[in-house]
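Each of the next two complexes has chain A plus one other chain: chain B in the first, chain C in the second.
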Partner chain A sequence: MPGHKLDVLDTIFHPRSVAVVGVTGANDRVGYNLLQSLIHAGYKGIIYPIHPRLENLLGLPVYRSLEEVPGPVDLAVIGVNQYATVEVVEQCGRKGVKGVICVAGGYREMGAEGKALEERLIAVARQYNVEVVGPNTLGLINTGVGLNATFYPIRLPRGRVSFVSQSGGVGLTILQKALDEGLGVNKWVGVGNRSTLELSDYLEYLARDDSTAVIGVFVEGTDDARRLVQVAGEVARRKPVVFYKVGRSDAVNSAALTHTGSMAGSYQMYRQILQQFGLLVVESALEMVAACNALAMAPIPRGNGVGVVTHTAGPSIVLLDEAGLRGGVFPPFTESTMERIRNIMGHNPAVVLKNPLDAAGRGMQAATFGRLAEAVLEDPLIDLLVAIYCLHLNWRCPTSEILAAQEKSGKPVVALYISSLEQVREERELLHSRGIPVYVTPEEAAWGVSALLHYARQRRGVNR
Partner chain B sequence: MPGHKLDVLDTIFHPRSVAVVGVTGANDRVGYNLLQSLIHAGYKGIIYPIHPRLENLLGLPVYRSLEEVPGPVDLAVIGVNQYATVEVVEQCGRKGVKGVICVAGGYREMGAEGKALEERLIAVARQYNVEVVGPNTLGLINTGVGLNATFYPIRLPRGRVSFVSQSGGVGLTILQKALDEGLGVNKWVGVGNRSTLELSDYLEYLARDDSTAVIGVFVEGTDDARRLVQVAGEVARRKPVVFYKVGRSDAVNSAALTHTGSMAGSYQMYRQILQQFGLLVVESALEMVAACNALAMAPIPRGNGVGVVTHTAGPSIVLLDEAGLRGGVFPPFTESTMERIRNIMGHNPAVVLKNPLDAAGRGMQAATFGRLAEAVLEDPLIDLLVAIYCLHLNWRCPTSEILAAQEKSGKPVVALYISSLEQVREERELLHSRGIPVYVTPEEAAWGVSALLHYARQRRGVNR
Partner chain C sequence: MNVAEILELVRSAGRRYLCEDEAKEILSRVGIPVTPCRLARTEDEAVERAGELGYPVVLKVRSPLIVHKSDTGGVALNLVDSRQVRRAYREIMARAVAVDPAAAVTVQPMAESGREVIVGVTDDRQFGAVLLFGLGGVFTEILGDVSFRLLPVDRDAACSMIRSLRGYRLLSGYRGAPPADEEALIDILIKVSDLVAAYPQIREMDLNPVVVYERGALVLDARIFI
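Moving on, here comes the complex of A and B:
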């Protein structure tokens, strides 16, 4: 990728000033919400709302045109229709704006006429060396600088995961699910029609972005598939990339074509190539968030041996099943671990001592749970521990014990705390702050574990 | 099934009095929590706590033994160890108790010695005609009478879905997820080791239970597979049954054997047979809740034509993909529907009019969304509408419009409101109260839609 695109993307994600073109006073219009999103997220740079007649909006002075803006503009967010957008991009070019976000649809996804319009948009952008996010996009977010350059005024907790989504709506689904799961977000972009900036450009940028530790990608389809997968494969050597590719059923290709003007492409072909390049492929927005959560929180395990401590067998069986389908291995404990476990448990004819270790009623006592977790984490065959606990009104969660055991061993731990999402909030915040991802269902925990095991294999060169 | 079991199950789920054997004052012991759960859930019958020395507990007089209880006891919940449990069951028999819930583990899941103990338990129960829930169980719940006979003091909203789970922990996962999704629960039972009552017995009971509209079953494995599937197949003709069967990977069989003393069995064989009998098979606790939610809320569609109205294309593509894999069909609208849609949308060169109908920015206006929903619902080829909307700070959700359109057509509607679970609460309560299930991710919406289509095919006799 030319250094220019990387530089401009860096400016787009860290603009010192943002012009919002097409603001209005009506709060159910895109222009108003583009402006409100910037303010709502706490953007600290200079905001220049542009409107030919308005004087003030949301407490900010409004400028009649880009020309009248007194200082330089790094990024312009454009909320006018598809025809006017082309003209605004030209004004941006003349003003020396580095990057533009074009929200309007009505381009190549609409057939020949729209395609011609998009080509004009691209030509204008190229003429002035302006990079275009979109068109036909929700926009982008960088929580690191309080930049929400979308028309969805949401606030996200800051984190280490960045997302590149071909669909604004699916990207938004992922953000909302991340919110529910307490997963912090670093950067997010809806790529839309990819006129001057391709999926692979964003990926390459995020690969070099130190504040992004994990990248999640949602893809419908792209003409650029070959480069995308190659770039992603290279990126995955540096940091985990998680791919969600739609298109497993036949019903989808024609729908995707209309959406962003690209065929979804053969799913199996895509999947095989992605896997050849060592990339993790997931099958839902839920699995995407579960995988990114684990990869953002926990260290990559050194091997693929999973140990489980629980007080309830069923969820461990579901975990085994889901993770087993994805290559997870649950080795028997070594004899010395077994000896430790027997010492902790004492004689208890209601418990079978093995991996997964179901300590039944004894396991509900936090202290006992903690000692078992410690013993399992010290087993040389165990590279990762899953701690399963059902939140209870009267039994205390073994959170501090799990944290202590994790710290002592340095091995990754995944917590499956069966609970409603709301009730587990406090424990989750504590565990997340110390690098332990928390899940409330065994399937999601298995997806998280599987993501860690995938990148453990990747590091050992087993996936290729 | 002998009428006796049905009668006793009815008593167990509607006891006029419950004895809790093995209560203690320590709030981190099972006995205490069995009692607290009953009180916490608002059980209105008579509660008899039993302990040899305590006088009062949680505001209730304690009795020294079952013998000393002044009135008849319908149900005894037993929180003592596996050996003492057998003795208590005998006392229950002499007292004329109809059903017992045996929480303790340590029976046939523990090998020969435990198996012998369980046989003694069964022999004692048979001698006195007592039916046993468990042993090795979390217990059971009937929200209809405020009965929480488990040691997890949780409160559940009352609803029309009942669950039979071979695992307490997985059953609890399903309950917590149902809580998060605002799905009301009717009855719930963790069947444990199935000593005198089999999975199929509970199913048969719930089939005849008028307050249960939908049944969800989680199965690890059972010797009774043949009867279970036959019974479930019969039940599914009367009301929807949703099966979650663990065991897709090889790692699982030995684990399940230790848990409740049953092999998980060949997954593929199970799945094929379940499908032959017309049962809906799901692959996660998440899909279980999504499917039950739709089946409990919405009427069964008359055919399998799905129409979609959205303002964001990506989620509709994911929906198509997931539902397409499960047999969903998204027919083109008829010409007269297209004419109506064109009239509503006017000339808009940024929108392609087809199914799924992505109305883009115009679709964010509730009134327009509502008119489109109405037009699509009136299309003779459309049997079910999916309304996709991303919750927004400033745009009003088209909830009242969707409700009006649904009421006018009588056809089922599924709402995909992309949002955090918390933010959508109010809209969800309103939509749920009027028979429209609400989801926050496209995959879960697709699982709900697919469940409705499955039972639509079942009604038309297409599945067999």
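Moving on, here comes the complex of A and C:
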């Protein structure tokens, strides 16, 4: 990518000042919400609301035009309609603004007339060397500097995962789910129609971004597919990239065309080519969050062997099923591990001892659970442990034991605490702080485990 | 003629589609095994070519205007003597000249049967040149058991294209059937990849069928578009 785009993207994500063009006093309008989001998320830079007649809004002085803004503007967020947007981009160019976010839709996704309008937008941007996020986008977020340049005023916990989404709505789905799961977000961008900035441009930027450790990408379709997979494959050698590609049914192809102006393309072809480049492909927004959660939290395991300790068999079977479909291997324990397990379990345990290890009633006691977890983690064939426990009103769950066992072995651990999200919150915070992802359903735990195993295989060069 | 010369000849004639003899000439130039494919412009020539190749033979219509040869009755298989060749020639030409007065035929030896696969290159709107591999007939057309890779492919990618098919066991051997020559298929995939990399004017290819034996593989029919 030309250095220019990279530099401008850096400015867009770290602006010292933001102009919001098209603010209004009506709190149900996008122009108002764009300003509200910036304030709500705690942006520390200078905000310049622009409106020809308003004096003050949300406690900030309003400027009549970009020209009247006294200082330099790093980023302009444009909330006016698609026609006026083109003029505002030109004003931005004259003001020396290098990055703009164009929220309005009504461009190439609307057919020939819209396409012509978008071509004008691109021509103006080129003329002044302005990079455009969108148009037809929700905007972008950088939690690192408290920047929420979208028209959805939300606050997100800061984290190491960044998302690039071809859809605002699916991007929001991912963010809301991440919020529920306690997964911190670093950067987020809705790419919209990709007039001057392609999916691959954002990926190249995030590849070089030290505060991003994992990247999630939602794709509908793009003419830039070849470069996208090549760039993503290159990025994935350094940090995990997770793709959610929509378009398994024929119905999607026409819907995606009218949505962001791109055909979805053959799903089968997309999936296989993404895999050719060593990339992880997930099948839902939920799986995206589960996968990113594990990859952001836990270290990449050294091998493919999964060990399971549980006190109830069913969830471990679901785990085996879901992870097995995605290449997970659950090797039998070595004889010395079996010896240790037999000693811990005592005489006549009411279960068959094997991997997954169902300790039944004895596994409900935190201390016994912890000793079993330790034994399994020390098995040379086991590279990752899944600890399954059903939270109970009266029983203490084995969080401290799991933490101790993990610390001793240094191997990644995934916790499946069957619970409501509300009930698990406290334990989750503790486990997260020590690099253990926590799930409340066996499917999500399996998706997290599979993501770790995928990148374990990719690191060993056996993914293709 | 070398590959570049054949492609240039087709281009300068304003054609997008290479006739089978031209396509196979290109394939054999880059080391992909094809059935011999001799051009014959008259009935006597057809008999002469058949005699040279040895019976049984196949006759196929040869015209830049007829892409789907068998759909228009343009293919006659397993002709065992000159009498059958003459009759097939007349039948094929009777239909073909209506479409293309300059139509001819190609004469090819009848290949032994084996397991059929297809190898293709498609010019995808989003990805550009993509390589396709699948098992022949219903497996590809009805079950969609096909693998795709972005071109170019290396050995590992070619190998995984074959092994990731759901129907891979039909190639690797089942119920006592011996394994097909996987190396020969890998070799074809890599050579197709190299060919397209060297001559990007090739936009689409369809090697269908390719027959794979216990030892070796053979391209029986080939279409190339520039």
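We adopt the following convention: the second predicted complex is superposed on the first by the 462 of 464 C-alpha atoms of A that agree within 3 Å, B and C clash if a C-alpha of one lies under 4 Å from a C-alpha of the other, contacts with A are read in each partner's own complex, and residues count from 1 in each chain.
What we mean here is this: a contact is a pair of C-beta atoms (placed from the backbone, for glycine too) under 8 Å apart; a residue touches a chain by one contact, two chains touch by 3 or more.
This is a predicted model, so every value here is computed, not measured.
Participant: So, A:226: does it touch chain B (first), chain C (second), both, or neither?
Facilitator: A:226 sits against chain C, while chain B stays out of touch.
Participant: On the A-aligned overlay, A:336 touches which partner chain: chain B = first, chain C = second, or both, or neither?
Facilitator: After superposition on chain A, A:336 lies in contact with neither partner.
Participant: In the overlaid three-chain picture, which partner chain does A:268 touch, first (chain B) or second (chain C), both, or neither?
Facilitator: Second partner only, chain C.
Participant: Give one of first, second, both or neither to describe whether A:56 is in contact with chain B, with chain C, with both, or with none.
Facilitator: Touch status of A:56: no partner.
Participant: Can A:400 be said to touch chain B (first), chain C (second), both, or neither?
Facilitator: neither
Participant: Does chain A have more residues touched by chain B or by chain C?
Facilitator: On the superposition, B touches more of the residues of chain A.
Participant: Which positions of chain C touch chain A when the two form their complex?
Facilitator: 124-128, 130, 144, 146-150, 156-157, 160, 164
Participant: Where on chain A is chain C touching in the complex?
Facilitator: 221-226, 229, 262-263, 265-266, 268-269, 272-273, 276-277, 464
Participant: Under the touch definition given earlier, write down the residues of chain B that touch chain A in their complex.
Facilitator: My answer: residues 27-28, 30, 32-33, 36, 40, 81-82, 104-106, 109-110, 113-114, 152-154, 165-173, 176-177, 179-180, 218, 220, 246-252, 255-256, 258-260, 264, 284-286, 310, 312-318, 320-325, 328, 330, 349-352, 354, 356, 358, 360-361, 364-365, 388, 390, 392-396, 418-422, 440-444.
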